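Each of the next two complexes has chain A plus one more chain, namely chain B in the first and chain C in the second.
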Partner chain A sequence: MKKILILLLITFNVTAAPAQAVPDRKALEGLEVLRRGFAELTDFTAEITQEKHLALMKQKMVSRGMIRFRKPGTFYMELYPPHGSRLLMQDNVLSIRLTDQGTIDRMVLPPEQSLTKWMAFLSRPITTLPEGMGVKGVLQGNSWTVHILPAGTGGVKELQITFDLEGRIKRLAIEERNRDRTVIRFTSMRRNVGLKEKDFRLN
Partner chain B sequence: MLKRFLTSITDATNRGVLAHLEWLFNVTSRRPLLVIVVSMVLLALSGISIATTRFESDIFKLFPSNQGPLKLFLDSLKWSGGAQDAYFILEGDKERLIAEGERFAGRLTALRVDGEPAFRKVTYRTFDPAEAQPFADFVGYAVTHPQLFVSPGEAGRIAEHLTPAAMAGSLEKARAELASQAGMGLRDIVAADPFSLRDLILPRLKKASQALDLDTTSPYFLARDGRVLIIIAEPARPVQDMVFARKLVAGINDARRGATVTITCTGAHLAAVLDEAAVKGNVISCVLSSLVVVLLLFYLTYRRFLPTLLIPLILFCGVVLALGTAGLFLSSISLISFAFTALIIGLGTDYSIHIYDRFHSERSAGRDTNGALRLAVVDTGHGVFTAAATTAFPFLALTISDVRALSELGLLVGLGVIFSLYATFLFLPPLLLFSERRFPAAVYKPLPRFGLGRVWDGCGRRPRPVITASMAIIVLLLVSAFFIRFEGDLKNLQPRHSEAFQAQEKIEQHLSLSPKQMLVAVEGRDLGDVMARGGRVEKIVERYVQSGQLVSFSSLGQVVNDRESQTEVLAAMTGPLASRRLAESATDALAKAGFDPASFEGTIAGLACLAKARPVPPAEAIERIERSPLRGVVTRHLMQGDGSYHLLFYLNYRGSEFPQQAFLKELAAVDPAARATSTDLVSGQLAGSVKKSFLWGFLLGGGMVLFLLLSHFASLADIFNSLFPVVAGVIAMLGLMALTGMGINFMNAMVLVTILGMGSDYGLHVVHRVTGAAENERREQFVQSGRAVLLSALTTIAGFGSLAFTDYGALSSIGWATNYGVAATMLFALLALPAFLEAGRRRMLRKNGDAPA
Partner chain C sequence: MFRNLVLFVMLAVFFSLAGCAVAPKPLVGLVPGKEAETLQSPISISIRTPDGSKGGRGYLIFKRPDRFHIAILSPFGLTLMEVFSDGDRLTCLIPSKNIAYSGRIADLPAREGLRTWGLMRWVVEKPPVPGPALKRDHVTADGRRETVFYDNQGVVLRKETEEGDRVSFSDYQVYDGVAFPSVMEISAVSGESVRITFDEPELNKPVEEGALVPNLDGVTVLPFSAFNGF
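Coming up: the complex of A and B.
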């Protein structure tokens, strides 16, 4: 559920979880680059292209949209029609509105999944890797890719996050155990643009 | 004939009592060691009896729970295990509440007692993500068996949802959901129900699962105002295991230490343990404070150290012997009944006061030790004996009550009074003799008169105005008494500052769906039969909801249709679907919307069968719900216990607009075996029990008092005079209660019986002493007996007064009512009775042809 958030949260969780005995230097390095990228911004906005490969569908679903984020804990994501939706997460309160149907679902996430809490973790340098998940870091040219493989039987099999040397996210990929796969590409990312309250509205 | 009969009874009783008192005097003055040894043996036996008695902290056992609404209420707690559960109420800032709730739930989960987990289960979230798959499985079953779950009124909408256009619309929505960031969680549900038939099923289920008025958007048990959060925990062992329960409460207290929000705890049984320290503290402070006041009163009046020290011993004997004897009759004694100790302190001291007062007065008048003691024990003792009997018997008459709170208290106080009386007769004379021998030079100074001589003189000079004024006051208070109300609300009897009480109040204030709730149970061994009968009950209830007499209700029938309702749904559904080829339509719609029909094979096959669907046994639906995260709907509405199914209906209502008796009549007509309970019905049941107990107690107690007075006094005038203060006192008590806003409740109603016994003593002592004295001694006898009555009343008020200030509404109301009654009776005995006695004397003189002095 809420793939972007899961990615963000699990990524941040890397910084908070107990340490592995032998840390992967590349993974640590990559995560620290990502962390610094978040630590230096107050907000950001980006255009996105989402591709979903679902077992239920004959063809992949491609959606375009945009995301906005503002510290300490406001996140907004909009997918344009067809199949439009808007998601707003304020700390741990999550609302999703289906644009065409006009329905709104709201839920409160447990506090350990609140954005504010995870943003607080980004203020600390990453020196260890977490237990309970595998983390790999790969540097290719000017891009880092961090692979996060949660242990256990949860829905997510692997998360991949690709970002540049300044910690700017370019691509997210989520692979589920049922072989469903989501890829989100980020373009036109702008940081510290001074986003206002009105930029985070569902209606 | 009657007069001769009464005279012979009076003579025989008086001879018997006097002989008994003579024997007591002889034994105690000649063989004090034997008395002490026998007393010690009796105390030891009582100690053994007490040691083998179980002391009960379960407040529900104080009330008659073997039938009626209270039985159903307790049964429902037993079936659901709700009586065992601990409920934690977290109250504070919305921002902190969730975080603190998570933290506290974690601590409770980690809590251990004797090395084992303290709780079997800690529930604090409405939805567990691990149950997404079972939920999707349930949705898949429900949408292919809509006859079980769709309301008959909405049955027509099933076919509407399955038209090609509606299917296309649902699939558009499904695509948007899958594309959105909620898609991962919804994928299995979309696979199970691509055409959104769940919209006809889930709202109904959600509504039925709501026992409390919660914020439905929160995954926590959070009140709509966001200020209260509930955590429910199931203890690993029964909380009736007091050792475990005490350790559990200690652990809970540790777990909530340092919390930044207020955390209170409640639970039917756990509350008793939580409040145990408070109850003990309350009872102990009552006992100690009343003991201190009583001893001070005694010492300040008589200035004798040894008799003052003897009073605690007498009271100790009275309490221990009463508990020991009660232990022979009762399998267990409620902890709350220990409050009787305070009453024994108030009542048991009276006998020492009367006997010692007489002894002291006679000694200060110059009589020798033996003569003074004989008069005190035999003459004053006669009045004391009758007075104790008139006090004890009305209390003992309460043992016929089926309200255990009353019968237990009646037995303990009745026995306590009798044993205190005998402890006084057995220990006081030897102590006084010992004191005389040890301190032969002791001087008996005249005792304080408290202005009683002037009162006697005033009443003697102007009896008519005093009588007129007294009667006027009585009439005024009688009028006021007619405005007294009955307080049926059990809440008013609970300890106001008790943690459990306050937690319940918070639940009611923040989370209750309506101010009041009625629980209806339809029971039987066959589930199908129970569901069918439940369907008939449901129809009545629905009518009451439609007419606005009920706010709402919840039942399993609102979620799972019985056979009759399924037939209705099928009739509305199969007709329109018969001509459609649902499987083909669904496959086409899925393919057109870009879905892979192969992933929906099971759903398509289920839809294909809808046109030919048949009723399904409700048991199958119940079993399916139980396997899903929605199992709470079943556990709340269908319970199993004692080899039967218990189908429960929760009826929410505001108050008097719901005609409960009319509803119960209709309920009995459609299902004579159905049972119902509510706070109103429980109050009504208790009121009925108390009324019956009161009536019988009044008749028995009043009859005994009357008999004792008849056998004590030779003339009807004496009986009238001795009864006048208590009758006036009862009227004044009721009038004052009405004037001060107090009502009669289940507990203080007993005072109407016991005050007869306690209050009749005052008139009896004064009349006994004054009418038995020579003309020139009447004033002195009034002063002496009046002083003893004044002190007796004050010690009784000290005993009951301590109850008046307890936190327990039940005990407090007894305390206040008794204090009003005792104070008024004492005032009428001391300020008005002399006037009546004087008027009677003048009448007698006129009758005999003498001029009044």
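Coming up: the complex of A and C.
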């Protein structure tokens, strides 16, 4: 769970990782668009649709929900029933509540993985690509897609993030090495809406 | 007179609510003799151990007599863990680490809720046919003594072994002529428990063989003795 979260944070902010020797120009350009989109906001909210394709099965699982983010470091994700869940990350404390089971898991991430720390990097333009992963950028019409391929044998094979020219994320696809695949689509994204503390509650 | 009337109304409401709480909902459309041979269902699962609780959404596939595949997902949709059971063997695959723990159910370590997976074979074992009595003593396939409790419609409410393992089934619905519980709670005598809730399960639909076999290509397979936590 921790590794997955870290990888997602890297997706939103690759400047935190060491530099790649030969940077891909399109990848840099795309990531800079994404970074600027994040740098210019104080908060955002969006509806999400998550589709999970299990390689061993024909069926796919579809969940709907919403996400909220507020600077400097509060992230909330709710998946609606059936089998609803609420995830709250406050800086480096991650809590997950399963609404139909009544359980809450809490884990504390190391300080260097705190949201505040990650978001601090957003103030710097991206001039190099992260080491230890392949990054490719593709611009098609008004849409960017950045492909991130982590090295090694971890569970995630590829992350694809699609966003518009203002850095608004539209789609996130996560391909796992076991051939499972998750696609999260973002709709009704609203930025700088003035989210309050009460918008980030687990209960 | 008015006070008596109020009291009567309150009592009537109380007893009608109490009645609602205890009277099982009649199961309509049951086909006598028809049973769940296969099951495929989105699930929500929580695992409680003396050290804490964990849980998630997921998917469960089951095929009689005792084969199942459970996938547990993170909130972001990634596969956190897959459990496969076939006879007396169980494989627990952790995709993020490219590691699988595999072995006999009898060798499952008593930590992080793993032992409760070993009870799944007993949980899904066909109970004796219900009789007029609402409670029956029975000997399981592996020779353990159990007590099975039924409701007055003949569905199993819970099973208990003489060692103290227990499983309860609640909120039955009828799917394709078969009564199936929406909630299943397994409690091991070790203090660990697993609660599974099912959402619109598909019963007796074909299950592909491949869905019940772990894909271990490139995965390091270790015995349960090497398990030191997720």
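Just so we're on the same page, the second predicted complex is superposed on the first by the 190 of 203 C-alpha atoms of A that agree within 3 Å, B and C clash if a C-alpha of one lies under 4 Å from a C-alpha of the other, contacts with A are read in each partner's own complex, and residues count from 1 in each chain.
In this text, a residue touches a chain if its C-beta (ideal position, glycine included) is under 8 Å from a C-beta of that chain, and two chains touch if they have at least 3 such contacts.
It should be emphasised that the depicted structure is a prediction, and the values quoted were computed from it without experimental measurement.
Asks: Given the touch rule stated above, what does A:R177 touch, chain B (first), chain C (second), both, or neither?
Replies: After superposing on A, A:R177 lies in contact with chain C but is clear of chain B.
Asks: On the A-aligned overlay, A:K26 touches which partner chain: chain B = first, chain C = second, or both, or neither?
Replies: Neither: A:K26 stays clear of chain B and chain C.
Asks: Pick one for A:R36: touches chain B only (first), chain C only (second), both, or neither.
Replies: neither
Asks: Hey, what residues of chain A end up touching chain B and chain C alike?
Replies: The answer is residues 1, 3-5, 50, 52, 54-59, 61, 63, 77, 79, 82-83, 85, 87, 96, 98, 100-101, 103, 105, 155, 176, 178, 180 of chain A.
Asks: Quick check on the complex: what are the chain B residues that touch chain A?
Replies: Contacts found on chain B: 98-99, 102, 125, 129, 172-173, 175-185, 187, 190-191, 217-220, 222, 591, 594-596, 599-600.
Asks: Which residues of chain C touch chain A in their complex?
Replies: Interface residues on chain C, with respect to chain A: 40, 42-46, 48, 52-57, 59, 61, 69, 71, 73-80, 93, 95-98, 195, 197, 199-200, 208, 210-211, 213, 215, 218.
Asks: Which residues of chain A touch chain C once you look at their complex with the stated criterion?
Replies: 1, 3-5, 8, 50-52, 54-59, 61, 63, 77, 79, 82-83, 85, 87, 96, 98, 100-105, 153-156, 174, 176-180, 182, 184
Asks: For the complex, which residues does chain A have touching chain B?
Replies: Touching chain B from chain A are residues 1-6, 50, 52, 54-59, 61, 63, 77, 79, 82-85, 87, 92, 96, 98-101, 103, 105-112, 155, 176, 178, 180.
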